[in-house]
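Next, two complexes with chain A in common: one pairs it with chain B, the other with chain C.
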Partner chain A sequence: MKKSQKIGGSVANYVDERTGAAKWVKKNLNKVFPDHWSFMLGEICLYSFIILLLSGTFLTFWFDPSQRDVVYNGAYAPLSGVSMSAAYASTLHISFDVRGGLLMRQIHHWAALIFMVAIVVHLFRVFFTGAFRKPREFNWLIGIGLLTFGIVEGFLGYSLPDDLLSGTGIRIAEAILQAIPVVGSYLAFFAFGGPFPGTAFIPRIYMVHILLLPGLFLALITIHLMLVWYQKHTQYPGPGRTEKNVVGYPLMPVYMAKAGGFFFIVFGVTAFLGAVASINPIWLYGPYTPGQISAGSQPDWYMGWLDGLVRMSPPLETHAFGHTISWNILLPGLILPGILFTGMALYPFIESWISGDKREHHLLDRPRNAPNRTALGAMSIAFMIISLANGGNDVIATHFHLTINGIMWFTRFGLFIVPPIVFLITKRICLSLQRADRDLVLHGRETGRLVMMPNGEMIEVHEQISDAKKWTLTQHQSADALPAPLPESAKLGIKGKLRARMNQANAVQVPAATVTEFKELGEGHH
Partner chain B sequence: MKRLSGFRRKRIAGPILMVAALFTIGTAFGVASALPSSQHEMSSGTSTLVSEGKAIFLRGCSSCHGLNAEGGGIAPSLIGVGAAAVDFQVGTGRMPMADMSQQAMQKKPLYNPDETAALASYVASLAPGPSAVTNESLNFERDGNSAEGGQLFRTNCAMCHNFAGQGGALTNGKYAPSLMGVEPKYIYEAMVTGPQSMPKFTNTTITPQEKLSIIKWLQQANHEANQGGASLGRTGPVTEGLLVWTLGIGILIGIAVWLAMKAK
Partner chain C sequence: MSNQIERFEDPGLPEHIHRNADADPLAEKRAEKQVAILFLLSALGTVLTIASYIFMKSDQYVYFPVMGSTNVQQLFIGLGLTLATLCIGLGAIQWAKKLMPDQEVIAERHEFRSEEVDREELVATFHDRAGQAGIGRRPLIKRTLGLAVGLVGLSPLVLLRDTGPLPGKFFETTNWAAGTRLVLDPAGTPIKPEDLEVGAVAQVLPELPAGTPRTLENIGKDAVLLIRLRPEDFNLDPERLSWTYQGIIAFSKICTHMGCAVALYEQQTHHLLCPCHQSTFDVTRAAKVIFGPAARPLPQLALMVNADGYLTAKQPFSVPVGPSFWERNSANG
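Let's turn to the complex of A and B:
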C-alpha cells in the first residue's frame, strides 16, 4: 500500500468511527443516475442558484438598501451632483467604483435570467415527458413553488437599485396590491409603510430578497433533490429499462465528474454573458422619481407575460358599496395568474383523475404518446408567448414599424383563438407521429433505393430498424378508456359526465404495432 | 371741477383739441409706418430670398398648405410657425411628406440648404415665429449642464423618446423617433416648434439654457461608451430576455447535449 493511500485510509477510518458515514457513502456513491441531456436542465437551475448566492453575497458588501437622499459624486459624470437614494448611489458605486463590481452585477442578473429560463425549460421537460406522475406529484408541487418564488425573487432583485425602471415596476406592483378589493389600499399602506414611495419599501424587500427567499429556496431545493434521490430518477424508455430498475452511471466517479464539470461550464457561460453583454444599465435609467417614466418600460421576461396581460386588459371598473373594483388590474394581475398557477400545480392530480391511472411511473412518456397532454402544454406555451409579445408591444411596434394598437388588438383576440388552434394542431401532429412510429416498426426505414423488379414493378427498399429501436417505439402502454359506464350510471352527474368525456378524448391513440401484426406482414408482400 | 368745465366752454377749446388730435394720429402713423420700413431696410437682401422661397413654396408645398400657406383640409396653416419649423421639417427631410401615413418620416432632404433657407424666410415673412438656429450658435458645451439635462430629459422627454433617447412607440403607429445622431439644432428647433405629436416647449417651460443642457446630455448619451459590454439596443429588458432565451439557454443546452453524447 502506498503511503498516500495509507494516510487517506486512516483519515477515512477516523471520520467513519465518529460518524458511521462509510456505509451511507458507499451506498450512495454507487447510486445510479440515468443519462440524458434533458436531465441536466434541472442542474442548470441548481448551478445558477449557486452562482446567484456567490455573486449576490459579493454585491451585499457594498449595496446600501436605504431610500435616504444623497447627492451623487462618484465616477459616473453624467449623474454627478444629482440627488438620489442611497440604494441607487451605492449601485452606481458598485458599477463604476468597485473593482469587478459591474461584472459581478451583470453576472448576478444574467444568472437570475438563466435561473428562470432553466426552471421553465426544466418544467417543460417534466411536463411533456409525464415525469410528474405518481409518485412524483409532491416534487411537481415543490417545483411550482420554486418557479413562483423565483418570479418574486427576481422582481424584488431588479427593484432594489431604485433606478427609474425599477421604481416604475414597484409602482405597478403597488397598483396590483391596491386592486385587491376592500383591503387593497390597506395592504399597500402596510407594505410601503405609508404612501408611495415612502422610505420603507427598499429596506424591507432587501431583507426578503437576501434572507427570506434564499432560505426558502435552499429548503425547497434540498427537499426537491432529496425526493429525486429517494424516489430515484425517471428514465426514458428503451431496451432493458423497466419500471423497476434505473439504467445509467454510478454517481462516483462518472456522474460526479460530469456534474462538477457542468457547474463550471454554467458559471463560465454566465460570466461570459456578464462580460460581453450589458444588462440593466441602471446609470442610463437615472434615479427613480415618481414624476418620471421612460418609454418602453418593461419588466424582466418572467414578469413580461403578466405585464402583457395587464396591457391588453380592457378598461373595466365597477363601483359597489363605496369601493372601486378595478377589474382592469385585478383580472390580469391577480385572478388570471392565480387560475393559471393553481391549474398548473393541480395538473398531475387532474390528469390522473381523468385517466384513472393510479399506477407508479418511472419510465417517461415520449410526448407523442400522450397527445392530449402535449397539446395542452403547447397550448399553454402559445398563451404565454402571446401575452409575452404584448408585454413588449412598444418595442415590437418601433422595431417592426407596426402600430401598438394593432398589436394589442391582435393579442386580445389571439389569446383566445390561437391556443385552441395550437391544441388541435399539436394533437394531430402527435397522432401522425404515432402513425409514423407504427409504420417504421412494421415496414422499416425508407432507404430511398428504388429497385425495378423483373416484371417492371418499381419498389422502394425498406430496411428493418434495430430490435432496440422497435422496443422503444412499441413499449408504451396505450391510454385505455375507462370501462364504459353501466346503463344505470346515466345519472353520472355533471362531474362524472365531464370526466367521461375527457377520458374518452384522452384515450384517442394510434395502437402500437404488435408482434402478431409484424409477423403477418413479414409473411406477406413487404 | 368748475374750472375744468369752464375751460371746456371757451371758444379756444375746439381748435386746441383739433391740433392735439392731429398730432397724436400723425405720431402714431409715423411710428407704425416706420417699423415695417426699418425691417424692410434691414432685410432688403432677404426680400429676394423671400420671393425665391415663395416660388419654391408655390411649386412644392402649396398643394397641401394652400397658396398663401393658410392651410387646408390635410395640412396645417404655416402662418406664424416661424423659420425654425421650416428648417426642422424640410431640413430633416420630413417635409415634403412622402405619403399621408401616420407621421412624416425622416428621410433624405428634398431641398438643399439654400432652398430650405429661402423657404424658411418666406414662411417667416408671413408672421413672426421662432427663428431657425445653427449648430454653431448653440454653445451647449459651455452653457449646458449634462446632469441637469439628464433630469430634464427624464422628466419631459423620456416618456416618449425612452430613457436613453432611443425612441418609442406612440398610439396608432405614430412614434417618437430615436434622438441618436440628430444634429443639436434640430433638437433645439423640435423643442421650440413641437413637430408632429411632440408638444411645444416654450422658453418659459424650458429656458434656452435648459434646452442646451438637454442637448449636452443627449450628445453625451450618444457618444457614451457602452459600459458593461454590448448595449443590446438600450431598450430595456426585452432584448435581454431575447438574448437569454436564444444564446444563453442555447449554449447551455448545446453543451448538455454534447456532454450526454460523450458518455456513450
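Let's turn to the complex of A and C:
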C-alpha cells in the first residue's frame, strides 16, 4: 500500500469509529446525478454565492461601515481634500490603495449580478419544466425566499459604499418606509436612527449584509441542497427514464469532477469580468449629499423592474382627514410586488388545485406539453421586461431617440395588454409544437428527397424517427398520465366552477400519437 | 374496451457508445496530456498573480479601447486569477469527460410517503403522548401557555424602540424662517438678485446661525433651487407671483415623489426634471407636475430682498417639503 493510501485509510478509520459514517458515505458515492445543461443553473447560484462569501470577506478587512465625516487624502487625486463618509473613503481606499482591492470589489459586484441572474433563470427552468410539482414544493418556496432575500441583499450591498448613486437609492428606500400608512414616519426614524441620512443606517445594513442575510442564505441553501439530495434530482423524459428511477452519473468520480470543475469555471469567468469589466466606479459619482444627484441614476438590474413600475405609476395620492396616502409609492413599491411574489410562491399549490394532480413527479415536463403553465411563464417574463424597460426609460430614450413620455405611455398600457397577448401566442405555439411532435412520430422526418410516384406525382420521402425519439415525444400521455377533466356542474360553488373552468382549459392538449394510429396510417400507405 | 389504443412503449436506455479514449490508448494519452497542460496553465496563472502583486506598480494606468483607462496591476492580478481558476475547472471537466467512465447508471426511486402502518402508529403514539401531557384535558394550561407564548414575542419588538427617536415635527419643518438669507451651496455666501442672470440656476441653503453645523439631514430638507426667468414668463396667481422677486423664483429641491434632488433644469421649456423617476415640474406654473409619478408640486419658497439687498425668505415654507408621509396634512398642497 502506498503511504498516502495508508494515511487516508487511518483517517477514514478514525472518523468512522466515531461516527459510523462509512455506510452512508459508501452509499452516497454511488448517488446518481442526471446530466443536463439546465441543471447547471442552480450550481451557478451556489458557486457565485461562495464567490460572494470569499470576496465579501476580503472586502470586510478594509471596508469601514461608518457615516462619520472624514476628509479624503488617499491615492485618488480628484477627491483629495473632499469631506465624505468613512464608508465612502474606505471604498475608495479599497479601490485605489489596496492591491487587488478594486479587482475584489468588481468580482464581488459581478458575482452578485451573476448570482441574481442565475437565481432567476434557474427559477424559470424549474417553472417551465414543472420541477416544482410534488414532492418538491418546499424547494420552490425556499427558492422564492432566496430570490427575495437576494434582491434585498444586493440592494444593501450597493448601498454600502455611500456614494452619490447609492445614497440616492437609500433615500428612495427611506421614502418607501415613510409612505407606509400610520407607522411610516416612525419606521423611517427607527430604521435610520433619526432623520435621513443620519449615521446609523450604513452600520446597520452592514450587519444585515455580511451576517444576517448571508447566514440565512447559508441555512436556506443547505436545506435546499439536502432536499435535492434526499429527493433525488428530477430528470428529463427519454428512453429508460421513468418516474421510478434516476439515470445519470455517479457522484464519485464523474459528478464530483464536473461540479468541482464547474465551480472553478464560474470563479474564472467572474474573475475575468472583475479584471476587465469596470462596474460601479464609485469614484466617478462622488460622496453622497442629499442636495445633489447624478443624472441617469440606475439601480442594479434586479431592482430595475421595481424602479420601472415606480416610474410608470400614475401620480395618485389620497389626501383626507389630515393624512396623506401615497399610492404612487405604495402600489408599485409594495403592493404589486407583494402580490406578484405571493402568487409566485403559491403557484405549485394553485396548479395542483386546478389540475387535481396529487401524484409525485420526477420526470420533467417538456414546456410545450404544459401549454398553460408555459404561457403563464412567458407572460410573466413579458411583464418583467416591460417594467425593466421602463426602469431604463431615460437610457432607452437617449439611445433610440424616443421620448420618455412615449415610453412611459407605451409601458403603462403595455403592462396590461402585452402579457395577455403573450399568453395567447405562447399557448398557441405550444399546441402547434405538440402537433408537430405528433406529425413527426406519425409521418417521420422530412428528408428533402423527392421521388416520383408511378402516377407522376412528386412526393417527399419521409424517414421514420427512432423508437427512442418516438417514446420521448409521446411519453407524456402514456396511459397512466391522463387525469380526467373535472366536470362543470351546477352544484359547484363559485370557487368550484372557477376551478372546473380552469381545469378544462388546462386539459386542452393535442393527443399524442399512438401506435394504433401509426399502424392505421401505415396500412393506408400500402 | 374492445379496440384498446396501443401506445408507444419505452424502448429502455440506449446502448452505450464508446469514446475514442476508451478504445485507443493514443487518444487516452492525448487526453491525459491535455488535462495536465490545463493544470500547469493554472499554476502559471497563480505565478502571474503573485508576480503582478509584488513587482508591478500600483499607480500605473493604461488606456484600452472599450475598457477605458485601466489599472495595470489590478488587471494582471485579475487575469492571473482568471487563468488559475478557469484552468483548474477546464482541466477537471476535460478529465471527467474524456477519461472517467461515461456510462450512465440507474438508481431506483422510492415513494416518500411512509408505510401505512408507520403513519398510523405515529398518529396513535402522538395522541397517546399528547394525552400523557394532558393538553386536551387541561384547558387552563393550554390557554395560559397560549397567552405566554403569544406575549413573549413582544419584548424584542419593544426593545427595538430605542433604534431611533420619534419623528415629532421633523418632516413638517425646515430651517427656513422669515428673514433667513439664501446662501450658495457649497460656498456659503449670501446672494443678491443681480448675481443671477436670466436663465441661471443656483442651489441655495438657508443661512444658519454662526456655529451651527450644516448637516446632511438638514440639506435633505433645506435644499432650494433658485431660478431666474423673465418676469413675463410666469403664469402664477397673484399670491405666488408676490413670492417671486424680479423673475427669481425658488422651489424646494427635494422631490415630492421620493426625495431625490430635482436637479435638471431645461432652460427653453422652463421644466425641472427629477432624474430618479422623471417627474417633471413646470417652473412657470409654480412647479406644477406635468409628467411622472410625483403627485404634488415642489413647494415654493417666498422670496424678498432685505435691507442690505440680499435675497431672503419672506416666510417659512407654507407646506412640508419632500415625499409624503402619513401625518402630512395635504389639504393646502
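Going forward, the second predicted complex is superposed on the first by the 502 of 526 C-alpha atoms of A that agree within 3 Å, B and C clash if a C-alpha of one lies under 4 Å from a C-alpha of the other, contacts with A are read in each partner's own complex, and residues count from 1 in each chain.
Simple rule for what comes next: contacts are C-beta pairs under 8 Å (C-beta built on N, C-alpha and C of every residue); 3 or more make two chains touch, one makes a residue touch a chain.
Predicted model only: the values in this text are computed from it and were never measured.
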Touched partner set for A:Val32, first chain B, second chain C, both or neither: second
Touching partner for A:Phe267 - first (chain B), second (chain C), both, neither: second
Which superposed partner A:Arg99 touches (first chain B, second chain C, both, neither): second
Touched partner set for A:Gly291, first chain B, second chain C, both or neither: both
Contacts of A:Ser278 with chain B and chain C, given as first, second, both or neither: both
Partner chain in contact with A:Asn405 - chain B first, chain C second, else both or neither: both
Partner chain(s) touched by A:Val254 [first = chain B, second = chain C, both, neither]: both
Greater chain A contact set [chain C / chain B]: C
Which of chain B and chain C A:Asn328 touches, first, second, both or neither: second
Contacts of A:Pro78 with chain B and chain C, given as first, second, both or neither: first
Shared contact residues on chain A - chain B and chain C: 35, 102-103, 106, 249, 254, 258, 261-262, 265-266, 269, 274-278, 289, 291-297, 393-394, 404-405
Residue ranges of chain A touching chain B (in the complex, touch as defined): 35-38, 40-41, 44, 77-82, 95-96, 102-103, 106, 110, 113-114, 117-118, 121, 164-165, 249, 254, 258, 261-262, 265-266, 269, 273-281, 283-286, 289, 291-301, 304, 392-395, 397-398, 401-406
In the complex, chain B residues that touch chain A: 102, 146-147, 150-151, 154-155, 158-164, 166-173, 175-176, 217, 220-221, 224, 226-232, 234-241, 243-245, 247-249, 251-253, 255-257, 259-260, 263
Interfacial residue positions of chain C with respect to chain A in the complex: 3, 5-14, 53, 58-59, 67-68, 70-71, 73-75, 77-79, 81-93, 95-97, 100-102, 104-109, 111-112, 160-161, 163-167, 170-171, 185, 203, 205, 216-217, 219-220, 223, 253-254, 257-261, 263-264, 275-279, 289, 291-296, 322-331
List of chain A residues in touch with chain C within their complex: 30-32, 35, 75, 97, 99-103, 106-107, 135, 168, 171-172, 174-176, 178-186, 188-198, 200, 231-232, 239-240, 242-250, 253-254, 257-258, 260-269, 271-272, 274-278, 288-297, 307, 310-317, 319, 322-326, 328-329, 332, 360, 362, 393-394, 404-405, 408, 441, 467-468, 470-471, 474-475, 477-479, 513-516, 519
